[in-house]
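Input: structures, listed below.
First chain A sits with chain B, and in the next complex the same chain sits with chain C.
On to the complex of A and B.
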């Protein structure tokens, strides 16, 4: 098996002259990795290029492109991040014409860590590493085996520990609404802990992530209370696939089911009161 | 050239010492990311840490000292403000004794700044009334 780090470094070096920057991970103080935009003017920084643990890069890509709308950028993305970038483009958060994807294939161990069903990139033209098979998600599988009372008790226990840090929302590459329902007192009361039952914060988020969650598991990783949030997002994704034949990040041309796009033309009013 | 990088630092809000990355875009703070692999916070943050960048460039942030004049806060120069504070603290100390004064410091300061402040309280004012926002 080839070593991904030197391969990735070479791929970035080759691409750098053609783009305004390549978003990837860089080793910082104490060996802690952080997102960094590598640019041709400072190519020597590639010495500190790093791979793991992954960070939520797509969200940063969006921020940079909003500040520099004409920039041509590349992003090193694993399959989950590739899904994130594709879904962001579908929701008009960025323009894929400005983005070059450098696919980074996860290792089997990384896939195990994320309990990832689909770790191999499919859209990136430049690919580093060897694709591996998906692995089962035993945490979600065990949850599915529980009866309804067991499931309710499971979530009640977990949500009791939520400190409402909003980390799961903040870290999510698919949470980009200008006005967030989770900051509306109607749904989530400021300063109230522990969460009331039912925990509206988590239920609202679960609904809003329908057909949007890209299974990157960043929410679960950043949760200080260790809530296995990926369980409900994965089960919702399963339902969306069954009901709407929609899988996030899979087909670039396929519109998400919650987007209603009307063709240009005349429309008759229904006559119903507004 | 687009300049986008992350700066590893310690959350300024309390004494826990969580690790976070300040996301810097073209010299301005645009966000916070928790530091995965940090020995204390292990990739998590609380709601304060997640918003630790907000105050830095905030429009409401005080850039000059304010002195209350005729019931209104008026911008002043540092010399004028520090002279006034020294005069008032001196008057309180001579009238009511040093223990009539307390010093409240901040987790947003550096260790060295906090050291100087407690030294000021103990050695200059003469009181042990020292506390800070992180000891909540």
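On to the complex of A and C.
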């Protein structure tokens, strides 16, 4: 296996003169990893280029592009981040014409860490690393084997530890509404802990992630209570794929199903009565 | 005392609510457990509304709208048909019986169908334990 770090450094160096900046990770003072915008004027900074642990870069890309709409930027993205960029473009959060994708293939170990079904980039023209096969998501698969009472007990136990820090929402690259339902007193009461059953906060968020979750697992990584939040999102993603033939972040031209009217054959697959 | 389930029925103004009227005018009998909330369109019923209805103590929730193709707003009920199945699955993934959420289409002329679906859904919910018992065990 070739070493991805020097390969990525070379790819960025080559691209730097053509763009205004390249968003990637950099090791900062004290060895702390942080997102960084590399520019051609300070190409020497590439010495400190870093790969892991991953950080939610697409969200920053969107913020920079909102502040500088004419900028041409590149972003180093793993498959999940690539999905994130594509979905953001579909929801008018950024313009893909201003973005160059540098695909970074995850290693098998990284795929295992994220229980990632599809770790290989598909849209990026510049690719670093060797694509690996997806791995099964045993956490979700084990959960779904449980019966109703087991599932309820599972979530009651986990959500008991939720401190409603909103970390999962804040870190989510796909949470970009100007007005958030989770801040609406009608749905989520301020200061109510532990979560009520059913846990409005988490179920509303899960519904809002329909056809949007890019399976990056940033929510789980950021959760101070270690709640396996991705289970809901991944199960719904499987259903959406089946019902609406929509895979998040896969086809740039395909609009998210929840924004469209029913298409031929979709109703039959929803299981609703005739 | 016998358990009487509390059911909230969200009915669209143009078809299902008039279907309820038709059932009433025909003097059709159906159980009184369903409390009806009239809404402009079944597409108005967001997942948040259904979830909060459960949190407020409903044992079952019905969403009735116009048949696909007959929506007063052309495609309002397409929204219902797209979100409600996802919400039903989410309930199942949360350990809540998805049968507690019922979706169907009742036109203004279908008084008999209205009475039947109310009857059947009430019986189905009555057969389940009270929701409050299930979630607070």
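Quick note on the criterion: the second predicted complex is superposed on the first by the 259 of 274 C-alpha atoms of A that agree within 3 Å, B and C clash if a C-alpha of one lies under 4 Å from a C-alpha of the other, contacts with A are read in each partner's own complex, and residues count from 1 in each chain.
As a convention for this text, a residue touches a chain if its C-beta (ideal position, glycine included) is under 8 Å from a C-beta of that chain, and two chains touch if they have at least 3 such contacts.
These numbers were taken from a predicted model, which means no experiment stands behind them.
By the touch criterion stated above, A:203 is placed in contact with chain C alone, chain B being left untouched.
In the superposition on chain A, A:223 contacts chain B only, with no contact to chain C.
Once chain A of one complex is fitted onto chain A of the other, the partner contacts of A:64 are limited to chain B, with no touch recorded for chain C. Applying the stated contact rule after C-alpha superposition, one finds that A:236 touches chain C and leaves chain B untouched. Judged by the touch definition given at the top, the superposed model places A:148 against chain C, while chain B stays out of reach.
Looking at the shared chain after the overlay, A:181 reaches chain C, while chain B stays out of its contact range. When the two structures are aligned on the shared chain, A:190 is found in touch with neither chain B nor chain C. In the overlay built on the shared chain, the residue A:258 is in contact with chain C alone; chain B does not reach it.
Contacts of A:31 after superposition on the shared chain: chain B is touched, whereas chain C is not. Across the interface of their complex, chain A is touched by residues 47-48, 51-52, 54-55, 68, 75, 78, 81-87, 89-97, 103-105, 134-136 of chain C.
Remark: chain A residues 143-144, 148-156, 181, 186-187, 196-200, 203-204, 206-207, 210, 231-232, 235-236, 239-240, 243-244, 257-258, 261-262, 266-267, 270-273 touch chain C in the complex.
Of all residues in chain A, those touching chain B in their complex are 20-21, 23, 26, 28-37, 39, 41, 53, 55-56, 60, 63-64, 67-68, 71, 73, 163-167, 170-171, 221-224.
Chain contact summary for the complex, chain B toward chain A: residues 1-6, 8, 19, 21, 23, 25-26, 30-38, 41, 43-47, 49-50.
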